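As structure tokens, here come the structures.
Each of the two complexes below includes chain A, the first together with chain B, the second together with chain C.
Now for the complex of A and B:
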């Protein structure tokens, strides 16, 4: 009973503690540096020591996640469709294993791959169009890393929901004269719609909260928002990860405020997307 | 007329269908391509740097400065060494340290070589004592005078030829830097193992306890549903948030227990326990649910108490689930970086203790890639270790659940 309580209350404790720590930079007085201004924090576009503005990187985070979602969702849905409906049995099993392996790769390795390979590719693409990049570290690299990391998450859950589409619906469609491909693309995807949407919500959550890999490839721009994909950028999570040297003081504690904002954004996004999902289901 | 239209329609439909199918093939192929690219990068970049020596040597380079005098000449045995110093009876060759950088190492040492009587001149406890120089030791900055009193100098930036020439002109080496090989991951490897063991010791009992409570003891109620949904919610929290929790709660806690530094392995283990609790609880609960009710009934009707039933009948039958939870946890711990950065720091250390600061393998990668000149070769080598462990763990989990399914079905 007690153990159950401990396990369950973890989430409550997490939220409570981070919230308390997160608002302290605006209330407590830090010797030498005073306290941070809440107004500046919410509306500022620049992030330097003593000048903490979060709006720029907030827009960056949402912008990069949006692009990554728009690209990775169709790829993932088609992959799930391929595995469940189209591929021959052997091939389907091996592609599924590939996706499972991708899902199990830790983010530090995605980050390393991004730093060494994707940055290099992006740099060369930039050179091709005569665009100078900071050695490849850019918004584009971040988006590519996010896409690669979202695909296994979305695909795995989409597979379950595509498998759950009722067989009689499929048979009905085929009996009405639709071809197999028409059935797969119209009936199966439509039938799995809500599961696929849930998968995308989870993928978006993962992208928003991804820290290690993103901070390894995004550069660390001081000001934002940065909508040019070939420029360096900065996200909420990369701000929390990068330049971690001290373990006390205002410069350290303000990270927790960013953490509060991140949790709030993740919660808000998932609530909004869930609302959209419910609206779609009603139709 | 009708027929032509129909044919056109069929042709168009066939084309659209084909495009659709090709699209799914391309999408699926994209995943394969990504995995292949990652594996190729990790293995091609990492394998040349992966060696047993790297696994067991220290990260920090230890530097000893010595003076050496020579009063005789030595023979190059069978002339088999290309770079041989007849003054000191030493042959040298090019080498690579653990992080892949070029060094000069001793290839051969004559039995009576004056190198064996080199005297330490560092201002440490070792001062004036004889330093143990062996085949494989690496040489750096060397200064001294030749027989006419002319100053001679060489360092490991020089070619072997220049270095050996300098060595042969010298009769007395005033100062020679002997370096131990750095760049190893012994400390980080040990830290990772300690971290895994400690985390499992903390998290497994709590997670299994929670699962037993939820499945066997808790009555259907709002309260139980709340507990289950809260555990579900915890698994959706990004790991960087857990790092914050660790920094707020566990670092002060461990400091109170008597740790000198804020960053400790113990704080890391406590943080990872929170990360893993939902995984362990869920996996164990699932395996508890599939145990037939008749086992429980039989045990209870034989007169065993509920506690006895839980520990002697139910837990042994839940073993595959618990094993799965353990394997999943190990894979997760070895790959975790964001959460651990806030509680273990990123300073690589060779002295590992539960209450001391050191890095896990993932943080080791973070450290060597976040500087001005990232060392991708060694990072890829460490990634090979991480990837193999992670893949083996996830494959075994899959195999176990397949076997379970078979057993239950048969």
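Now for the complex of A and C:
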């Protein structure tokens, strides 16, 4: 219980600290640079020193995460199904350990891979369609890096919930003359859907909060939103990481404001997705 | 191979191993069409295993090895597509296992898997099946409700309705009342009595009185062998084998 209290109070202290730091740019006067305008902060599309607007990058963050989720979820679910239900035991054990390994690779490594390989590939794809990219740094590279990072997370937890589907349900389905594929899709995925949805929520949280790898491939656009995937882009997280020159002052503190917005967005997304999950479970 | 319409199943020299375990030993048996056949015997005697052979559910276990032949209406079941076999030979399991979906969807599951999409046809099948399983009147106003909200006895009758919906010719029942209370049990027994007009029923049961009440033929199993098989009235009144007599008089088991 003591440990629980310490953990709980730590969370409160962290949130409180970020929040206090985060509102200071709008209230306090910073010598030389004045203070930032809250209205401009929330509605602005441009981010430069002294001109802080986050709406563009907020849209970017949600947009890129949405695309990454739409692509990675089906891949992850089918991978989990393959590992648990279809692959021979040896193969499934080895794929499973590869996925576990992928889940534990630090994000900076994914970022390096993104810079070296994905950017290069995206650049060449762009060239193929006569699209000029900024050396490959783009929304598309960001999405691909996010997909690669989300798949292990979603797959791992989906595996657990697919494994938890009761054998007697599977047998009942087969005994009714359903094929193995029909059983896998109608009974196994359906029975595991709430766990799979929890997995997706976790994956979305990871994608929304991913800073390092995203910063390395997004290209740091000044204005947004950047809906063209071959354009450079900017997310809330990359903004916090990139272009940091000093460890005090307005340009420093405003990053905490972005942090507050990010926490809020993650909270909101999680609450919304959980509500959808409950609705699915009721059905 | 004699061409005999009288029998739905003819089992010849069937041996089954689970790993090193010799579970069924040299089974020879005929199952009559449109009759209720009961398998009785103490736990672990192989009666449920034999039942699962009949719709090839043992295929799901890698360590299971089967020798010998089973003919379903004169066709060797190993030459049939298991999916096709299972639409003709339905199964009801030991504990009720409805799917976590609505009552309607549970019954419509089999027909949908077999490719029936037309809504009116599905509705017709669901209604008829529920009526045949004596469940329709209890659930007709809440077909859209989740099946897990039903009582245990209702769930088991739903599972019977679900098996009927695929329009099988044989229904296998693996101790269908062992998880139910006496009232629910007697309802299921009444149901079996009605169903035997349309289907061949093979039922595994622990309960000798149940076998005596509902079946036309009884096979007594012991340690993987069929000790005795015959008309139920005959087997219970006049057992030929000493072991059968010991079992049905309650001296062991």
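Rule of thumb we're sticking to: the second predicted complex is superposed on the first by the 278 of 283 C-alpha atoms of A that agree within 3 Å, B and C clash if a C-alpha of one lies under 4 Å from a C-alpha of the other, contacts with A are read in each partner's own complex, and residues count from 1 in each chain.
Please note the rule applied: contacts are C-beta pairs under 8 Å (C-beta built on N, C-alpha and C of every residue); 3 or more make two chains touch, one makes a residue touch a chain.
This one's a predicted model, so the numbers in the text were calculated from it and none came from an experiment.
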Practice task
Judging by the criteria at the top, classify the pair chain B and chain C on chain A as clash or fit.
Solution key: fit
Exercise for the section: Quick one: name whichever of chain B and chain C touches more residues of chain A. Expected result: B
Practice task
In the overlay, answer first, second, both or neither for which of chain B and chain C A:186 touches.
Solution key: second
Practice task
With the two complexes superposed on chain A, say which partner A:168 touches: chain B (first), chain C (second), both, or neither.
Solution key: second
Completion exercise
Rounded to the nearest 10, the angle in degrees at the CA centre of chain A toward chain B and chain C equals 110
Exercise for the section: For A:176, decide between first (touching chain B), second (touching chain C), both and neither. Expected result: second
Problem - Contacts of A:67 with chain B and chain C, given as first, second, both or neither - result: neither
Practice task
Answer with first, second, both or neither: which of chain B and chain C does A:204 touch in the superposed model?
Solution key: neither
Completion exercise
When the two complexes are superposed, chain B comes to within a least CA distance of chain C, in Å, of 8
Completion exercise
chain B and chain C footprints on chain A meet at residues 179, 182
Handout entry: In the complex, chain C residues that touch chain A
Key = 55, 57, 60, 83-84, 86-87, 90-91, 93, 95, 97, 99-101, 109-110, 113-114, 159, 162-163, 166
Exercise for the section: Can you check the complex and tell me which residues of chain A touch chain C? Expected result: 166, 168-169, 171-179, 182, 186-187, 190-191
Practice task
Using the touch rule from the top, collect the residues of chain A that touch chain B in their complex.
Solution key: 1, 3-14, 17-18, 21, 74-76, 78-79, 81-83, 86-87, 95, 98-102, 104-113, 115-117, 148, 151-152, 155, 179-182, 184-185, 202, 205-206, 208-212, 216, 237, 240-241, 244, 247, 255-256, 259, 262-263, 266
Completion exercise
Within the complex, chain A is touched by chain B residues 13, 16-18, 20-21, 23-28, 30-32, 34-35, 37-38, 41-42, 45, 206-207, 209-210, 213-214, 217-218, 226-227, 230-231, 233-234, 236-242, 244-245, 247-249, 251, 262-263, 274, 277-278, 281, 331, 334-338, 341-342, 346, 362, 365-366, 369-370, 374, 376, 379-380, 383, 386-387, 390-391, 393-394, 398
